[in-house]
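Given below, in the form of structure tokens, are the structures.
In what comes next, subunit A is part of two complexes: it sits with subunit B in the first one and with subunit C in the second one.
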Partner chain A sequence: MKKYSYFISALMVSALLLTSCGNQNGNGGSNSALASNNAEKVYVAPGEQDEFYAFMSGGYSGNITVYGLPSGRLFKEIPVFSQFPTSGYGYSEETKPMLNTSFGFVPWDDAHHPDISQTNGELDGRWIFINGNNTPRIARVSLSTFETEEIIELPNSAGNHSSSFITENTEYVVAGTRFSVPVPQRDMPINEYKGNFKGALSFISIAPDTGRLNLDFQMMMPGFNYDLSHPGRGKSHGWFFFTTYNTEEANSLMEVNSSQNDKDFIAAVNWKMIAEYVKNGGGTKMATEYAHNVYDEHTHSATSTMKKEVITVDPTKVPGAVFFLPTPKSPHGCDVDPSGQYIIGNGKLSADLTIHSFDKMIAAIEGKKFDGEAYGIPILKFEDVLAGTVKSGGLGPLHTEFDDKGNAYTTFFISSEVVKWKLGTWEVLDRQPTFYSVGHLMIPGGNSRKPFGKYVVAMNKITKDRYLPTGPEMEHSAQLYDISGDKMELIYDFPTHGEPHYAAGIPAELLAPKSKKIYRLDDNKHPFAVTSPDQAKVVREGKEVHVYMSTIRSHFTPDNIEGIKVGDKVYFHITNHEQDFDVPHGFAMIGQNTSELLIMPGQTKTSLWEPKKVGVWPFYCTDFCSALHQEMQGYVRVSPADSDVPLTYTLGE
Partner chain B sequence: MKRASILMIIGPLFLLGLYFFPLWNIMLGAPQYPEPLGMDIYIDGIKGANEFDIQNIDGLNHYIGMRKLPKPEEMWEFGTFPIVIGIMVGLGVLIGILGFAGKISYKWFLGWFVLMSILGVMGMYDFNAWMVDYGTNLDPNAIMKLANPDGTPMSYKPPLFGHAKMLNFDVTSLPAAGAWAMFIGMCLTLAAFYIGWKKAPKSDTSLTKKYATQ
Partner chain C sequence: MNTKTFVTGLVISFLLLSCGGKEEKKETFNVDRKKSTETIAETPEPNNEVPASQRITLEDKGVGQIKEITLDPVINMEMAAAGEAIFKTNCTACHKLDKRFIGPSPKGILERRSPEWIMNMILDPKLMTEQDRCAKDLLIEFNGAAMANQNLTVEETRSILEYFRTL
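Here is the complex of A and B:
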């Protein structure tokens, strides 16, 4: 019925705006002047480039996809938490350690919330961070190479969902647990959850020069579900806000049992105070185990280190650092406006938005106006911290982003719409339907102090009839709205890969000039690199054979290898000698129990082959690199295990 | 004569630009090279317009059997040109100073200009000869052996001056900053001669007239 009424109203609007009456489509007919104007807005002519990058999380793909706005064109998929045969990420010997965890090799995760590094609350485009929800991890991706450089696992955490959000000078990337769990993990009855489980909020410091991550401390909060979070900014810089649900601490049939309290909380955490406390020796060292995986751009290799200890902080030991702000109806999104004054909690089972005031919160804390406590953490009075309520008329508010004109945009999952409202007056200014059941939305810089309020992208959970059907499983739809005027205008609709939860956008001019074109061969510090073809060689060490191989258009050096035996472990260490933009070479060997490799100019990657059959087996370049790509191949002669064929390697003989 | 001599001192100094700026520039653009490859030809060697352009030009040239671009030690010119230019600058400045001191006549200015022009033309001739050799003396086992419509083997000599289409590449060859500095410097010496001639005592002028009327 809802859709029908939009159809009618859109028809009436078109009839009013245009004298044309041939409009058969409620979403703007293809013949109308309005639609052709919108087409111009999203049309990026061949050879021209987009105005913004949009980094969308892949959800269950485990990766990040990079799109252009306004065109909606897909530029790249950046492998983060998932093995990616396209490039060999997670398959090559160099990148396997990236996916190591305290549970062993985990080849996948559920990637949710990307966030771009900031300086003074403004996007600086150095790195993008993203969380793995399932096996709790945080990744850091370089925005000059667009490669994952670091992954840190989070102990004591489960369902790493209120993550990965950046403080305004990139001091910390913060990650909260959605599922509370026993800390430390132990064998105990599930129904003893209440009062015994803990919710860990992890504060991971970021080295300003290298971006290197370090799990500084974990706050052991009551056993609620910590759903989403955002940092304070400007005046509220130094605080972090987390929405909670399941303050009932139910452990079964959660959809009912954790929806009973009329209000849950937003947890306000003064992280500066706690960081200071930890710096001065506060907190408890706890034995644990988590992996810290670092990829080095110069050795082109990752190393995985297992850490054994974490500092935990009991929030009741740091008085004045943590408070609960009552917030109605299982709040989901937790968003802070560009000024840092307003903290918006979207009660997902409600029709209204609750906006808390940072100034009022500070006044209430100073006046010690508490309304009891939960596990020793003071609860502020709802009325004392409330700045206002947006009576939206929608249903199921989830997430809010901001423009640079004092407006906020909130998604409504149940009523499938984006609602624009005014900060301070809480007046609803406009609403537009989404298709369908929108989750997050994104305005470039829309969760920073400096939003670029030109477009909003709505990321939907349900696609149905938006595109040509592709069987039961379809990509998720996204809608692009022009928000430069008073009213939002739906201008484009495009499918997105995986399930984008959140996204982060940034003006292209901040990133494009820094994007690397090649890796310098003379910077290559890979231990098995060959920097000139005359260094190419094959070395046997018992049953292990190391092939030091180089590639350039259009041959491998060497390309004929003999003396390999069944049962050997053959490592092909391949260095791409090109120093030209966009000239990768690939490598694939017949019958290999792994993926191909795609090796960028100046890079070295290693592929393991364990030959099982006697014969002469070809390998080839998988990337159409040149006019003679089809000639870019070689042979390996595999002899029986007891053979005495000498080890030889040649090119052009 | 003082003004002319000062110009004669300054003019040759412009040639010092050749030590810092390329003499000539050849750019190669193609559909898959929207940012063209380029080489800057200095008096002491060839450098890429961008860092890896030489390697990439060589990489492309190997398909059609062209030799690799020469390193400074592989061509005598790159050792000799800087010396010749150095001598010419020193000579020019010396002539200017002697002119300023009134020791020699303005005609020496023209003499320097003519000598420099001869050397320049010889340099261009040599450069062109190298390009002919480089573009036509191809590896008989080249990957791609292309023929002109008349059946003769295709050659790849870049233009000495201006634009040419070579296979998928648009090749543009033009003087670069060093050549322009040299051009300006030589013009200044010519101007020095002209001013010296105009300001010269009448006897000299009548002498010229006398020669002219004979």
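Here is the complex of A and C:
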């Protein structure tokens, strides 16, 4: 019976495969010789490893997913802004403070643009940064532990979208607000937006040794929408560029009302000048409230501090620091080429790309050739700063990345394609379709001074028929193109989790050797850690009970606990005594109103349990850890609130 | 194996029976059986008469990076103290001095195993249980509870060995 159904399924699958091959219109690389060649390019044999890491934002999952290229294999999901029951992130007592904000505990966010730390404009692989768009936050993730180490909230911001991009020596991570809001927030009519709302651009400094974040200053810009941004590099290092839309300052039916002006702006900000101004006492201290959450790898615990003040800078008070570059048609992506000479504005309602020249911009500023001003900020003349236009023939350009051979690659959302063009001549060299409606694209190092131009990944918004249907909701599709030759070749297609807006790629050899394998038990500074099993104990403090527990394959110490009462708050502080790579232990307690814990070797994590029912209740290890994993369990005896059962804890007695 | 399945089946049937409502029965449930060691003894293999934990294999240096070490006749007490501390943190979850626990007690181990074997076992238990006969048999004798690799250095392992000499 079973065999027959297998046979039938096999037949059906073959039939489907054959049929679908016939339907690809030559776009899917189904031509047999070409296809087998492409298969070799993406085939990473069992036991072999990928050439690149790709860190994709999870969009509304709030997290980062880690993939291998060229295989498209998913390695890990790193929890950042969202509670993650798989590991207990945001559920464990140690990590709950990571999700604290001035609005209280916010267990989710919308993660958009990851960016890897750089030295001299080249990827250095120390950290990856990502923005939370909804409740404005910036996170720093360690690229040795692959854990979120720090989250800083941004006051005065809303829709933290033109973020989180870093300057070429990782001096600052920069975060611009997409939605302008009243600053400070106050009760006022919405339709008095124009002229009253502000757009905050936040500059968060990064300590070179620890990566520690500090909100250095916020520039209070006119109330436009600051959409995307990128730093200058090389000759333009010291500047930052932000695309804007809604320079109309409309507050309703934005779909129409924000698209009235023929040109919006790219804001060019000389952040070095402003940082100097602030360092010398410039700017205004403003009372506000924002959370700063830091996770310590040695105590395995996070702390949350509420900050009360921020320095704001009025751009008109720092002459020569901020200019507007007129850019057509509501520009979205704002990308700077590896030399730092060209600033590309992708006018999303246009067919063409606008390329500004950094040299021309400086000349225009020096020649004071202004074309009026907006709220006191000088506007440069479009013709004076324009380097060229790419006449692409596509529709809806969004984002541009670069290779190491002087080429640029731009996505076109409306016409669903990637277009390759030449920097300097603006000539279109190639175009390939995407499936479908591509947003960002990513070349490893493609927004740095040193791109690794072997692959480009196109991240699409719409999947439709690319994979087996899974109900109305489909994971987004990504397409991998080989860009080592003159023409781009579509070589692979794989689903991605959540909505990867942007991604950051890096050669595996820069990260893999320093990826942490275990936390050393003798480095464990957690206040409730037990570093040898004879320290295991259970301590009652009124209604709070602290269980100091250790685990190793395959038992908990202690595994029998009595004397717990209904109404207690029981904290299980569990230290994993393994010191071997990839041997976590899990912990789960029946009826617990929280998630499991997954505890890495040498780590301590804490789970809260509030027993509600009298009885004998089991707990167990959730991660299949050894041949005796099924035996890895224990019992807690829960007595009535007024009982006098003595507190005891044992193992093997 | 079949015997075990059969026994398990029996246990399950009993459990099912006990579900029939005699909740107050206080007698401890008991099946007269001896598992693993005896089951294995029914399919005898050569050299298997003596349980691995009691075998003397002083000639066997084990498999791994430690090929040959010479012990000074005098125990280095400072090294032994360091070894004791490392043992306490990394090993006592499974090895107790006064009894057989998850694994055997290290007491008297130098009368049964060579210093090289002991160090190789600590440094790479997976390799040892795959390739060393005695280590493999020990794993079976101790319920299949695989010894954890605690990622100790050769120096740390050597100091544990010195500590074992004091026991």
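In the analysis below, the second predicted complex is superposed on the first by the 624 of 653 C-alpha atoms of A that agree within 3 Å, B and C clash if a C-alpha of one lies under 4 Å from a C-alpha of the other, contacts with A are read in each partner's own complex, and residues count from 1 in each chain.
Just so it is clear, a residue touches a chain if its C-beta (ideal position, glycine included) is under 8 Å from a C-beta of that chain, and two chains touch if they have at least 3 such contacts.
Remember, it's a predicted structure, so these values are computed and weren't measured experimentally.
Student: Please determine, from the superposition on subunit A, whether subunit B and subunit C clash or fit.
Tutor: Partners clash after overlay.
Student: Is A:Asp580 in contact with subunit B, with subunit C, with both, or with neither (first, second, both, neither)?
Tutor: So A:Asp580 meets both subunit B and subunit C here.
Student: With both complexes superposed on chain A, which partner does A:Ile552 reach: first (subunit B), second (subunit C), both or neither?
Tutor: both
Student: In the overlay, answer first, second, both or neither for which of subunit B and subunit C A:Thr389 touches.
Tutor: neither
Student: Which partner does A:Gly652 contact after superposing on A: first (subunit B), second (subunit C), both, neither?
Tutor: A:Gly652 sits against subunit C, while subunit B stays out of touch.
Student: Where does A:Thr145 make contact in the superposed view: on subunit B (first), on subunit C (second), on both, or on neither?
Tutor: Neither subunit B nor subunit C is touched by A:Thr145.
Student: So in the superposed three-chain picture, is A:Leu628 touching just subunit B, just subunit C, both, or none of them (first/second/both/neither)?
Tutor: Once the two structures are laid over each other on A, A:Leu628 reaches both partners.
Student: Identify which of subunit B and subunit C touches the larger number of residues of subunit A.
Tutor: C
Student: Overlap of the subunit B and subunit C footprints on subunit A, residue-wise?
Tutor: 518, 552-553, 578-581, 627-628
Student: What part of subunit B is in contact with subunit A in the complex they form?
Tutor: 35, 51-52, 55-56, 59, 63, 143-144
Student: For subunit A, which residues count as touching subunit B in their complex?
Tutor: Against subunit B, subunit A makes touches at 518, 552-553, 578-581, 627-628.
Student: In the complex formed with subunit A, which residues of subunit C make contact?
Tutor: Its residues touching subunit A are 88-90, 92-94, 101-102, 143-146, 148-152.
Student: Spell out the part of subunit A that touches subunit C in their complex, as residue ranges.
Tutor: 518, 521-522, 531-534, 550, 552-555, 557, 577-581, 583, 626-628, 652
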